[in-house]
Amino acid sequence: MLTKDQIAQRIAKEVKNGQYINLGIGIPTLVANYIPNELEVVLQSENGLLGIGPFPTEDQIDPDLINAGKQTVTMAKGSALFNSAESFAMIRGGHVHLTILGAMEVSENGDIANWKIPGKMVKGMGGAMDLVASADNIIVAMQHCSRSGESKLLPECSLPITGIRCVKKIVTDLAVLEVSEDGGFILKERAPGVSVEEIKSKTAGKLIVQGDVPEMIFE
Amino acid sequence: MINKTVKNATEAVADIPSNSMLMMGGFGLTGIPENCISALLERDISGLTIVSNNAGVDDFGIGLLLKKRMVKKMISSYVGENAEFERQLLNGELEVDLIPQGTLAERVRAGGAGIPAFFTPAGVGTEVAEGKEIREFDGKMYLLENWLKADFSIVKAWKGDTAGNLIFKGTARNFNPMMAAAGKICIAEVEELVEAGQLNPNEIHTPGIYVQRIFQGKNYEKRIEQRTVSK
Amino acid sequence: MLTKDQIAQRIAKEVKNGQYINLGIGIPTLVANYIPNELEVVLQSENGLLGIGPFPTEDQIDPDLINAGKQTVTMAKGSALFNSAESFAMIRGGHVHLTILGAMEVSENGDIANWKIPGKMVKGMGGAMDLVASADNIIVAMQHCSRSGESKLLPECSLPITGIRCVKKIVTDLAVLEVSEDGGFILKERAPGVSVEEIKSKTAGKLIVQGDVPEMIFE
Amino acid sequence: MINKTVKNATEAVADIPSNSMLMMGGFGLTGIPENCISALLERDISGLTIVSNNAGVDDFGIGLLLKKRMVKKMISSYVGENAEFERQLLNGELEVDLIPQGTLAERVRAGGAGIPAFFTPAGVGTEVAEGKEIREFDGKMYLLENWLKADFSIVKAWKGDTAGNLIFKGTARNFNPMMAAAGKICIAEVEELVEAGQLNPNEIHTPGIYVQRIFQGKNYEKRIEQRTVSK
């Protein structure tokens, strides 16, 4: 089973040179730590920054410079600042190439649920609905099962959904899966030491196994 | 140039009545109109509807207005950082209208720009789409959203001039420029107020036409929610 | 009969302190010369400038700074620059208080025609349709009659219209007229030496004369 | 940062095919991509559809492309300064789609911003409204307009950096920022190209995300249409 950092590390391998990327809160934020230095990519923060830099040193902290998770950040070389309407114009207009975000549930046709649990205080969807409705390429980072052990990869989402038919790929602590255009999760890679049978038993939605499924490789 | 200067926050918010619709700039606690919020706390008004991306924290920002029970309704995209907010909401003392952040930004922009409605893909197939018109363009589904306007919009900028021109700093810009345009009366508080002609016209983020009142604020606390540093 | 400059001078009296104003090409541009110095107003140019200053001296000419009539201009103190979408956001959003423009025809319900003559080369409406559909207060500056002597104040426009029910006031070489909410041109002032009868004979639309109609006063 | 630099105008426009849809920034002759227009004149292509507020003059700007018969259709708000244009139009050799200027600006903005349609009051009751959906909001009539997008958008900025960030000057900004966002490929020519990091992030008008190719142009003529001076 992968740690959160390993999930982030595996997702980082999906990143391509020249991409503009929006990273959600949680595991997705960690992805930034594993993007190879030789790749030129730009991280977008939906509160109005293109080119997120590393977290600041104590001396560099500026309360007027935060990311969408409200963390203090710095600006990378060549960054740009803009307002929230422009930021979502970028997102909605398809200019952001890759969105990586967390989820509570993903369905086998690519629906995602990650904003609301009935009966619990609803905090809001923030920018998630805009992001999932807009990006061409959406990768979900999440645990394969909930804390109570139930599969988060379902035939249909049971929670209120955030967006329909949008998730392209899922990286969990157990596996890398692609959402098939015809519905179903195509098992692409297993976490080291995790068997296809275990993944099958923990995937409530339709799992598609094609030939030998390789283990993930971490350099 | 038309001089928009008022003395201070107290004068700027003096005529905001109960039950009015306000917009307040800011994302989290960044770029919020701290001085105007303090001045509103001194006013004996209630029943406010506030459009703001977030609702502050318990002891800062819009959280202070909530604690004083001045707010009837919040129109926001994310309201997670506030226990008093949660208490009032669960007790039915507060209404909340949750809107996808990009839709919120665009509805406010539309309000200022005279566009009564537009199509967006955000929320299609979700409960956000309930009761809304859905239409297909180029093979993709979109829903129709309406503009948002306010009686007063209250924004915070870094620099401003007496003609109402504003320059923001860092990510403190966020919702402020669109809100400035979407309020019937826009009140701008700035860290540094200069004479008209002192700002470079090419660097202005909000043209003065949108701003009706401006003053130089003081004692900015700029509280940080998630102080995160590099090792 | 008023000269073009006198029409502009009369319209300048309609300007109020604190207004943002868009002046069309032709006579409206001349209005700027007659706005009293003690009034603080801001002139908007729809190609992206708020705060048009005087025409430049030879030394000041900047090809990157023109007005909507493509004339070289300067910037007034406290001006702001912006893009065309923002410019028309201002106009459409009702932030510009007063629009002054020329017309070929105005109808008695406030319709205006000023962009197209069937059979002639059509150059385009530019920003006129946006301006007349948006501004609360629209004043037309024009000659009372066409060169061939026909009235330009009509029961209905004969030319393709630019906007409906939008003109509030008209200043011609003969008169100042308001468009009545119930339809018709209310004669408010006569040009010096011009009789009510002459105005009546040159107004094809319904002319409303209420009591004594004063002559315009030029200081 | 991603480096978007190309060598020159020739390289920047080398793959623009015949019959493609282009957007070109500028208002009158101010802020037009002079270098790219010159480079296009060297290409053996035709059937172009060009979205541009104006169509240049006979011997400058888009007028040069018209003279070489490279243009099939113009989508503009005002095209009055060009005799060759008039000749081609009257002979049926050229199509023109005239659009109110604010609608044009907003349709282009919508194209870049992923908004397929919006309501605007411009043109209600006129021939511009023919065939369009009309709807009432708050007692006023509006018509529905669609987004505009292009295969290539070609813009001209004052300063730019290798990451594609752009700063415009004066009223040469005009349609350029919206067009940058509405082209599948945006080509930006700038008077001064600097390294990423040299421009103040707070002063950038067009964020680099919208720009795919950038180069430093040369020999800008910046012709003036109406040289008007104070006495």
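Chains: A, B, C and D, in written order; residue numbering restarts at 1 for each.
Following the convention adopted for this analysis, a residue touches a chain if its C-beta (ideal position, glycine included) is under 8 Å from a C-beta of that chain, and two chains touch if they have at least 3 such contacts.
Remember, predicted model here, so these are calculated numbers, not experimental data.
Engineer: By that same contact rule, can you tell me which chains touch chain A and chain B alike?
Structural biologist: D
Engineer: Could you grab the centroid distance between chain A and chain C? Build each centroid from C-alpha atoms only and quote it in angstrom.
Structural biologist: Roughly 55 Å, centre to centre.
Engineer: Could you please state the distance in Å, as a whole number, between where the Cα atoms of chain B are centred and where those of chain C are centred?
Structural biologist: Taking the mean C-alpha position of each chain, the two centres sit 36 Å apart.
Engineer: Whole-Å distance, chain B centre to chain D centre, using C-alpha means?
Structural biologist: Here the centre of chain D sits 33 Å away from the centre of chain B.
Engineer: Identify all positions of chain A at which a residue touches two or more other chains, and write them in rising order.
Structural biologist: Within chain A, residues 49, 81-82, 88-89, 91-92, 134 contact more than one other chain.
Engineer: Residues of chain B touching 2+ other chains?
Structural biologist: Within chain B, residues 106, 109, 113-115, 120-121, 168-170, 202 contact more than one other chain.
Engineer: If I apply the definition of touch given earlier, which pairs of chains qualify?
Structural biologist: Pairs satisfying the touch definition: A-B, A-D, B-C, B-D, C-D.
Engineer: Given the complex with chain C, which residues does chain B contribute to the contact?
Structural biologist: Counting only chain B, the residues touching chain C are 1-3, 109, 111-115, 161-163, 165, 181, 196-197, 199, 201-202, 204, 207-210.
Engineer: Give the list of chain D residues in touch with chain C in this complex.
Structural biologist: 27-31, 53, 76-80, 86, 89-90, 96, 98, 100-106, 108-109, 120-128, 158, 168-178, 205, 222-230
Engineer: Okay, in this complex, where on chain B does chain D touch?
Structural biologist: Those in contact with chain D are residues 106, 110, 113-121, 135, 137-138, 140, 142, 146, 167-170, 202-203.
Engineer: Inside the complex, what are the residues of chain A that reach chain D?
Structural biologist: Residues in contact with chain D: 17-18, 20, 40-42, 44, 49-51, 75-82, 86, 88-96, 134.
Engineer: Using the touch definition up top, name the residues of chain C that touch chain D in the complex.
Structural biologist: Chain C residues touching chain D: 45-49, 54-58, 61-73, 81-85, 87-89, 91-92, 111, 121-130, 133-134, 160-165.
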